[in-house]
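What follows is a structure written as structure tokens; I'll ask about it next.
Chain nomenclature is as follows: A, B, C, D and E, assigned in order of appearance, with residue numbering initiated at 1 for each chain independently.
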Amino acid sequence: MFDTALTANDLIFLAKGAGMTLIVTAISVFFGTILGILFGVIRYQVGAWWFAPMTFVLDVFRSIPLLIQLVLANAFVTTVLGWRISGFTVACGVLSLYTAAYCAEIVRGAIESVPQTLRRAARSLGMTWGQDMTSIVLPLATRVALPSWIGLALGVMKDSALVYIVQVVELLKSTQTLITRLQEPLFLLMICGLFYFIISFPLARFGGYLEKRWSND
Amino acid sequence: MFNYNFRWNQALDSLPQMLEGALVTIEIAVLSMVIGISIAMVLTLFRLSGNRVLSAITTTWVEIARNTPALFQIYMVHFGLGGFGIHLSPYMSLLIGIAFNNAGYLTENFRGALKAIPDTQTRSARSLGMTPIQAFQHVVMPQMLRISFLPMTNQMVWAILMTSLGAVVAMNTDLYGVTSDLNARTFRTFELFAIAAVIFYLLTKAITLSARLLAARLFRY
Amino acid sequence: DKLDDIIASGTLRCAVVLDFPPMGSRDADNNPIGFDVDYCSDLAAALGVTPEVVETTFPERIPALMSGRVDVAVASTSDTLERAKTVGFSIPYYAFENAVVANEGVEMANWEGMKGKTVGATAGTYEAIWLEGKVKEWGEGEFRPYQNQADVFLALSQGQLDATVSTVEVAEANVASGNFPGIKIVDKAPMVPDYVALITLREEYGLINYMDLFINQQVRTGRYAELYKKWVGEGVPADLTIPGVYR
Amino acid sequence: MIEIENVRKSFGPLEVLKGINLTVAKGEVLTVIGGSGSGKSTLLTCINGLEAIDSGRILVDGVEVHAKATDINKLRQKIGIVFQQWNAFPHLTVLENVMLAQVKVLKRSKAEAEAEAERQLNHVGLGDKLTVYPSRLSGGQQQRMAIARALAMSPNYMLFDEVTSALDPQLVGEVLDTLRMLASEGMTMIVVTHEMKFAREVSDRVAFFHKGVMAEIAAPEALFDAPKDPELRQFLSATH
Amino acid sequence: MIEIENVRKSFGPLEVLKGINLTVAKGEVLTVIGGSGSGKSTLLTCINGLEAIDSGRILVDGVEVHAKATDINKLRQKIGIVFQQWNAFPHLTVLENVMLAQVKVLKRSKAEAEAEAERQLNHVGLGDKLTVYPSRLSGGQQQRMAIARALAMSPNYMLFDEVTSALDPQLVGEVLDTLRMLASEGMTMIVVTHEMKFAREVSDRVAFFHKGVMAEIAAPEALFDAPKDPELRQFLSATH
């Protein structure tokens, strides 16, 4: 269908870019989720008032463009502080905090969705706070949180297209590099879009399915 | 403490230029929302129409908008359409790219909102002799917009943030474009982008706040 | 200092722009090649270390240097006084003349034909700054700064831009490659030759001195002419001296 | 007059109406009773054309509801219907609820529509709630508002589908009183209800539906005191 | 024995318990009645230490509930409590609901826990629902499951907080029957309820709460038939 100069080598080059997209996403979502759970639980435990400073910080991550976060963090860490760290590290760091900011909201909402009386029932049976958290809150909150969390993870994957700004060669950047050489913008962009779509679409559908299934009981 | 000389004065001199950029950013965000909501409404009607082709258009639009990066979408609008001889200015490319994204997400929100509106609402309206269009326009749509008001506010914030992606299509009059232009000339990266970040933060807060005030005025029920 | 650090670390990290043929591009295996890439290798060889090419865009090369992600930039950086406030320049290692390139569908006799047209260039480059100034001066037309050279030529080839200004080398290479159908070279741009230099951090005099001497040696040994022939073609390489003034 | 002739209706494999024949004369109050899923609601929505039918026909004042040529939106103005719940448009005040269709469908002027709305709302006892949003009304008041809204279209017929089922017991009375009032004013009505006492009291005839069949139809005394159909007997003893 | 000595408790500016003194002897069934917001639920949650108190003390079998040194999780095993609703853990089957705390808190083996769970579930009449999820149970069955779950911890005391208030009328009976059964088996219980008939029938004593004060406490006959407190009289006449 397409008459293209694309070679196997180029496909490998693209695949490497895709691999970078996935690695950055995986690392960021992993640490972002851990941090998000931590923030979410603490926020729930200490209450809105005491957590307000942290809420503000997390809100900042949701209120300025990721591109600017990346540029700023990069400039701050490397030029202002003078640390020698790679763009990859900066990208993962910023994206992790970015993920955490959204994840904390999801987690807090999910914990709040567990009826207070259920938790009282658990505690009144002599279960400790930890046992209540792991045996009751965790399984119930997970059901509420998982669909949104999947959405978040996919969002982070799509947003990771911006880390080119700190010299990380991910999928979209690799595509641009090939466009420079091969001059087949439409075809190459389609491949790139298709890749995102193939990862994102089934997972998004799965999230929707879980939401539907779990909202029934 | 830092072995770096901040030159805030130099950066702050550019503040008027950046504020002008902020106006362009707001303008694009607002227009992209207006267009996005209108398209989402049409796509929603397509879905409700029961026509296979029309609902397929909606599905395709929604899934592409939601499952590919916004940066990709904007790039595609400019260079993808450019390949077919459709030439859009950076401003239009960015606007249309964001509107495309908005429309996709909003259509999905409207779908959720519609589910929350009981069937009898349409039935009541129809049984009073209203046409399907009238029933949608006067009974279903106002309720749908109310239920999706919060998601719409979020999308508006997103639209503001997405304007920063305009650089890939040579957009240089919005807040991000102005900032990176200044940066290319002076290299005061940290100072310039810090100021831009503060402006963006204030913009999004202003939007959330005014949305809340607006909601209080609009939805008194 | 930096010079010692580089020698001690055993690698020289160069920022190179890879969508700027013939100075920097990628071969069929997507490996970096070009005049700048060779210059980076030569500099590394002189220092006795291994070269490492870090790809950057034009707007990103100075931030990359400032953030310590690279040691030097071999990236056709024009030696403007504004930039010299931030980074340290060596003596020029190359000089470009700029050409006006237009879409074939556009009537344009000479560079002044750009007046009132939609023109563009790569954000943050010498010619972009010049062109944006011109558009402001004319008070009509539109200037568009794209993120990289490839996007500029893509836009030009699609007809989104009427014309651009780029170095003669780039213009000729792009016209010759056939990758961008429908573009033509119209005229020379009436700009002072664009002397480009190697850059590093402002305070690294040791390294700057070393790079000055390196550039001098490249010319002296004929390597400059050799690489010119390899990447640009037949002809006389640009004169790097300016009559009537030192340095 | 509403004439229902051998109407059949299926949802997929499920036949919900298995050939219904029924005529409701002008001024008559017909009550429909029957178990859950017996097809009562479906019949009402077929009468005003909200549902299509598979065979047979329904004539309202001699006009065939499901005929292609019929202007169904015009016909529906003649047939008011009130459902079990969610009748009120929550984004409009009580007054606006009653005005909307008058303005949009009957093309009345705002002033006319408002006058008529006030009149009907006073009629059902909501004269003091005009500028209130439905969320501030009790369930019973919402139902009365829905009745006023339908009446404002000057319908010839009113259909009621279990309008009191979703209400708290203490609110049922006020809605039934409104229905009684309408009946006494000579409105032609079909009332689906589980309130047997009410059915006995106001109906001219009572119809008993069972699994898509109109198993028995008779005057209330006859039907309640001397049920012939065995299913009806069982139904009545269960609901006593 | 549960001893409550001069317990005070405020939520912010609102004093909810204004010095309560009360002793519940082993084997006694105490019923607590009173208007909404009078502090009944708060008292129960203070007894098993789910809420802190501001002053006074509560002793359960001689152990002070709110003392720092007290192992509250251990103490709570002695005090079963069932709330108005949302008692069932929806992600666990009925059997797992009853087993969970046994395994986690009492460190019983799975087999032991399962045997005990089955025994208690049979006891409350849910022997045939072991592998079912709570969403498939009626409200009354869910409440009985919650009772079985509390009983499986072998508590010395059971607290019930309006366990039938959220139930449909026809389901109330089955839960009250279970409470009656427990009472007849000699369980020490504090039952907050609005079911006056039940209170009169099973209680040893009935306490009336009003605005954070225990306004009257007496044997059911005395309290219901010869109320002394004027507020109580009004309360009883309102609920009759």
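To be clear about the criterion, a residue touches a chain if its C-beta (ideal position, glycine included) is under 8 Å from a C-beta of that chain, and two chains touch if they have at least 3 such contacts.
Quantities reported herein were computed from a predicted structural model and do not represent experimental measurements.
In summary, the chains found to touch both chain C and chain D are B. Discounting chain B, connectivity by touch gives the groups A, C, E | D.
The rotation relating chain D to chain E, fitted on Cα atoms, comes to 175°, given as a multiple of 5.
Taking each chain's centre as the mean of its CA atoms, C is the chain most distant from chain E. Of all chains, the one whose Cα centroid sits at the greatest distance from that of chain D is C.
Chain pairs B-C and A-B differ in how many C-beta pairs they share in contact, with the greater number at A-B.
Remark: chain B and chain D have CA centroids separated by 45 Å (rounded to whole angstrom). Rounded to whole angstrom units, the spacing between the C-alpha centres of chain D and chain E is 47. Separating the CA-averaged centres of chain C and chain E is a span of 82 Å.
One simple way to say how far apart two chains are is to compare their mean CA positions; for chain B and chain E this gives 54 Å. Residues of chain D found to touch two or more other chains are absent. Multi-chain contact residues of chain A, defined as those touching 2 or more other chains: 71, 75, 79, 82, 185. Within chain C, the positions touching two or more other chains are listed as 63, 66, 154. You'll find the chains touch as A-B, A-C, A-E, B-C, B-D. Listing the residues of chain E that touch chain A in their complex gives 45, 48, 50, 73-77, 79-87, 89-91, 100-101, 104-106, 133, 135, 146, 149-150, 153. Contact residues on chain C toward chain A in their complex (touch as defined above): 18-19, 25-26, 28-30, 54-56, 60, 63-64, 66-69, 148-150, 154, 179-180.
Touching chain E in their complex are the following residues of chain A: 115, 117-118, 120-128, 131, 135-136, 139-140, 143, 217.
Every residue of chain B that touches chain A in the complex is listed here, in rising order: 2-4, 63-64, 66-72, 75-76, 79-80, 83, 157, 161-165, 167, 176, 189-190, 193-194, 196-197, 200-201, 204-205. Chain contact summary for the complex, chain C toward chain B: residues 59, 62-63, 66, 82-83, 86-87, 120, 123-124, 129, 142-147, 151, 154-155, 158-160.
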